[in-house]
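Pasting the structures in now, so scroll down.
Next come two complexes built around chain A: one with chain B, the other with chain C.
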Partner chain A sequence: MGQAKETWKKTLLIVAMLAPALLITIGIVIYPIINTVINSFVDAETGAPTLRYYTYLFTDELARDHIVYTLWIAVLTVAISMILAYLLALYLRFSDTKISKTIGTLYLLPRFIPNLVTIYAVMTIVRDSGLINRIFMAFGVNFKPGLLFNSKGVIMMNVIFNIPFATMIIVAALSGISESIVESARDVGASRFRVFFQMILPLSFKDVMIAMVFIFMSNISSFTTPYLIGRNHPLLLGVYLRKTFANREYNLAAAISVVIFLFSAVSAFVYLYTNLKEKDWESRAPQ
Partner chain B sequence: MDETIKLEIRNMTKLYKNGDGVKNINLKVRKGELMTLLGPSGCGKTTILRTIGGFLQCNAGEILIDGKNIVAMPPEKRPTAMVFQSYNLWPHMTVYDNLAFGLKLRKIPKPEIAERIADALKLVKMEGMEKKYPNQMSGGQQQRVAIARSLLLKPEVLLLDEPFSALDAKIRMQMREELRKIQTDLDITVVFVTHDQEEAMALSDVTVVMNKGSVEQIGSPYEIYHHPASRYVADFIGEMNFIEAKLGVHTAIRPENITVRKGPGGDLDGTVRNIMMLGHYTEMIVDTELGLIKAFLSGGEAEEFVRGEAVSLYFSETKEFSE
Partner chain C sequence: MSSLSFLGPRHMARTLGRRKFWEVVLLVGFLLVFYGPLLYTLVLAFAGQYTYPDILPKTWSLQWWKYVLKQPALIKSMVYSFEFAICSVLLSLAVCLPAAYVLARYKFTGRRLIMFTFLIGNAFPKIGMYTSMGIIYYKVGLMGTFLGVLLVHMLGSMMQMIWLPAGAFRSVPVQQEEAARDAGAGPLRTFFYVTLPMAWPGIAVACMFAFIGSLGESVGTLMVGLPTYRTMMVEMYGVILDYPATAGAVFSILLIMPNLLLILVMRKYIGADTISKGYKMG
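Let's look at the complex of A and B:
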């Protein structure tokens, strides 16, 4: 009996300690989410349940453009960032020069500069009358990079923002691969190419997936970059959401939010799946 | 033993950026011979091994296998195979895939691969482990598979970089014996790096004792133990007493070459400071005017003595080293 009472007391204590955090989470995260989901199914004029906002988003040609465009930009950003980050990480891990060491200490710095500042800084360089243009003008060439207010510019900015993070994850994964794994592969006759595809890539695959999921999630709902340097149509979902909100179409905005949330949820699922699923070779067996 | 030289290193120098490394190394390993490179950490033994394997580029000199200079070849082209200290196996591959990897690269037909793998696993007593992943095996088992993997490629020279140092003492001894058996059965040429002098003694045909990037002595374990070429070798291999009877001249006596008698009148006299029973022999520490001397006595002999007793020491085999 006494023991049961102890356990009960302990449980109560745990609940009491968790309660504040739980209440705050419910108040500022869970309640708005539920509220938004409900609003997205409610007709603004009649107050009756409806699917019209979702039907609109997925059937209206202009609205559908936004969704497809957003996915397209996010996928391209993920692909380009990962390739560049992987190459950089390989260089940082396997090159032992002063240059690689310097880059190794500096590559994370851009993360500490506020996005807005970076965007404006890059704009002054790449805009059609910017630094690059001026330098070319000095040689009598009127070269316009044409990187602003179109997809190229948005992807370029996204890639700039995501490379440090992706590189950090991959560098960590690559430093977990011991030198003797690479050397023993070379020893039995594998070329560098083969070492990469049969040793390094499979051994860092999990971390690559995780980095991809994070980049995808942050880009599916990105706002600042496309708002400042994106084009007018199609819009990224973040900008479209703001536009809808500004037009006081709150219920449509709610539906857009839910769609963004669903895309994130899918990637979160991929993340959990890769992270939780342990292959035979990954489990820690008693030595 | 065959007299042909399998591996020869000529005037090889490999220096690191910080100035460490090895200088003017000359070694000859005969076919079917097991040579150990022995020395404390930082003496350059692993450097030599890695230059043979192609993982380090030497600054000068030649490395010849069967008379052919291999210095310019990358590791994958060299007829050598290396077993590393640890993390040898590729963790994402089963034992079978680990063993098959090199054979597949050589485009060997599948049935032959399977056959050769079965033989190799049998050789290292790991039959039936094909489907295991490295993390499902003990350290000793992993090193067995690593050795099998290296042997499968039929290397001209097998290189081992302290392969047993991460294993516990008992397994280490067992692996040592098995390696020696496999090596003599298959008549393969082996270069084995170790910092453990006992391991070097037990395994080698020839031991190379190294110190600070250069070779101190090359010889059979017997030669090195009984006729050390320098004070360093004498000190590094086995137990050794050093006494400075004359200025600048050190006399070295092994503890087993000392006879202890009661009373004064020996080569050196002193009093018994401590007697330690160590199984089949007893260690006695004698306090003399030239310092503490260690002597090994057989169990029975030691019982006659007590601590504090005056004794005389008689030396049967000594060696002198001048500074």
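Let's look at the complex of A and C:
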């Protein structure tokens, strides 16, 4: 009898403590997502079920341009960031000098600089009358980097933003590979390339994939960079979405959101899976 | 030419050794890309007379600081930014700490589903989430309201405010709490005098991330806060597009300063580990 009362009290306590956070989350996350999915299948004028917004997105030439362009920018960003980040991570992991330690502490700090500030700072350097141009002018060369308001600039900015994150994930993966294994392989006569392609790369493959998936997701939906330094056509999906939303075409905006959600499905799964792993949660929980 | 040859790559490579030479090249390249632009922002912010094509300003001055601080819209935006940051951190704390404690201490049916619910808002791209919230805002009249913007900022902070403190609570030994209870302390007293002091660093780091996240929130506020709630980040879009470059530099420094101060205050608790956690959560 007393035991049952205790259980009741505990249940009530758990419910009461979870309720506020849970209600807000349902209100600002779960309900909006469901509402968006439903809206994307409903005709704005008639209220009847329709596929017209999706048909429009994938068959209208302008809309399709936005999607193809977005995928293209994201893929290029992922490829360039990953190559540079892997090289940086290899260096940070396998060399033990003052310089590598310095870079090792400095590369994570840019996270604390707001994106807009970084974009602005880079703009003042690379725009056609910016610092780079001025330095060239001092040597009598009127060199214009031409990195603003086109795809090159957007990719450059994306790469700058993504390298620290990618490097961090790869460094963590590489720290699991012991130096003695690498050294013994080298002793047996394996070339650097062989050690890399047959040992290091396979061992870090999973984390490389995870990093790629996350970078892909963040670039599929990027807004600020392309809004400020991207071109006018085609648009990246994030900018296109904001434009549609500002024009109050909510059902089309809902459909674009769903497309963005679908493009991010893999990364969402990885994110949920890794954070829900009970292993971390069980170790110290009582009972 | 010969007098400057010590600056040439060949000579440097010889004196430093090839490996060392490339390391220095890497370091310089790294600093130029990741810190160079910010350094130049600093130069711009204190520029006086600065005409094209000079590399550095001819004179230095505070004129752009005065200019920025005289713009009522920009001053107002600072007030909004801090209001939202403080309110969203406090509200997230109040709502999320109990949830974090329960998730850390109790096992119950549906626990995973609840964790899943808390995580899902962060699993998908933010801009899609803001659009989804905005569509509802139009229906219920939250567009352009304080509460509407506040909820957008909460979307960014709640997950961290649950996950990081939950980790902190789990690291407090249960025995410690039980001992306090055995000694006759009530549950609230135990929480405030035993659990909270031990879990404090983790909670403080979560607050810091939430605060920085709220100050840095731009897209969501731009989408649902206009025309009234133009925070510093929203103003920054306009500053980049419409203001003189030197004024933008001053405003940039104003945007970075709170973050730098917070990191300075919190440096004891921030390791590479916490930063990486913050990365993954964000």
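To be clear about the criterion, the second predicted complex is superposed on the first by the 243 of 287 C-alpha atoms of A that agree within 3 Å, B and C clash if a C-alpha of one lies under 4 Å from a C-alpha of the other, contacts with A are read in each partner's own complex, and residues count from 1 in each chain.
Heads up, the rule we're going with is that a contact is a pair of C-beta atoms (placed from the backbone, for glycine too) under 8 Å apart; a residue touches a chain by one contact, two chains touch by 3 or more.
None of these values were measured; they are calculated from a predicted model.
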item: Touched partner set for A:Ile38, first chain B, second chain C, both or neither; value: neither
item: Touching partner for A:Leu51 - first (chain B), second (chain C), both, neither; value: neither
item: A:Met217 touches, of chain B and chain C: first, second, both or neither?; value: second
item: Chain B versus chain C, judged by how many residues of chain A each one touches; value: C
item: First (chain B), second (chain C), both or neither touched by A:Met199; value: first
item: First (chain B), second (chain C), both or neither touched by A:Val68; value: neither
item: Touched partner set for A:Ala121, first chain B, second chain C, both or neither; value: second
item: Interface residues of chain A shared between complexes with chain B and chain C; value: 281, 283-285, 287
item: Parts of chain A lying in touch with chain B, wherever the complex brings them together; value: 178, 180-181, 183-191, 194, 198-199, 202-203, 279-285, 287
item: Contacting residues of chain B [partner chain A, same complex]; value: 53-55, 74-77, 80-82, 84-93, 101-102, 105-106, 133-139, 146, 149-150, 153
item: Interfacial residue positions of chain C with respect to chain A in the complex; value: 23-24, 26-27, 30-31, 33-38, 40-41, 44, 52-55, 94-96, 98-99, 101-108, 112, 114-129, 131-136, 138, 151, 154-155, 158, 162-163, 170-171, 173-174, 212, 215-216, 218-219, 222-223, 233, 236-237, 239-241, 245, 248-249, 252, 255-256, 259-260, 263, 272, 275-276, 278-279
item: Chain A residues touching chain C - in the complex, by the definition given at the top; value: 10-11, 13-14, 16-18, 20-22, 24-33, 35-36, 39, 91, 95, 97, 99-100, 102-103, 105-108, 110-125, 129, 131, 133-135, 137-138, 160, 164-165, 168, 172, 217-218, 220-221, 223-224, 227-228, 238, 241-242, 245-246, 248, 250, 253-254, 256-258, 260-261, 264, 267-268, 271-272, 275-276, 278, 281, 283-287
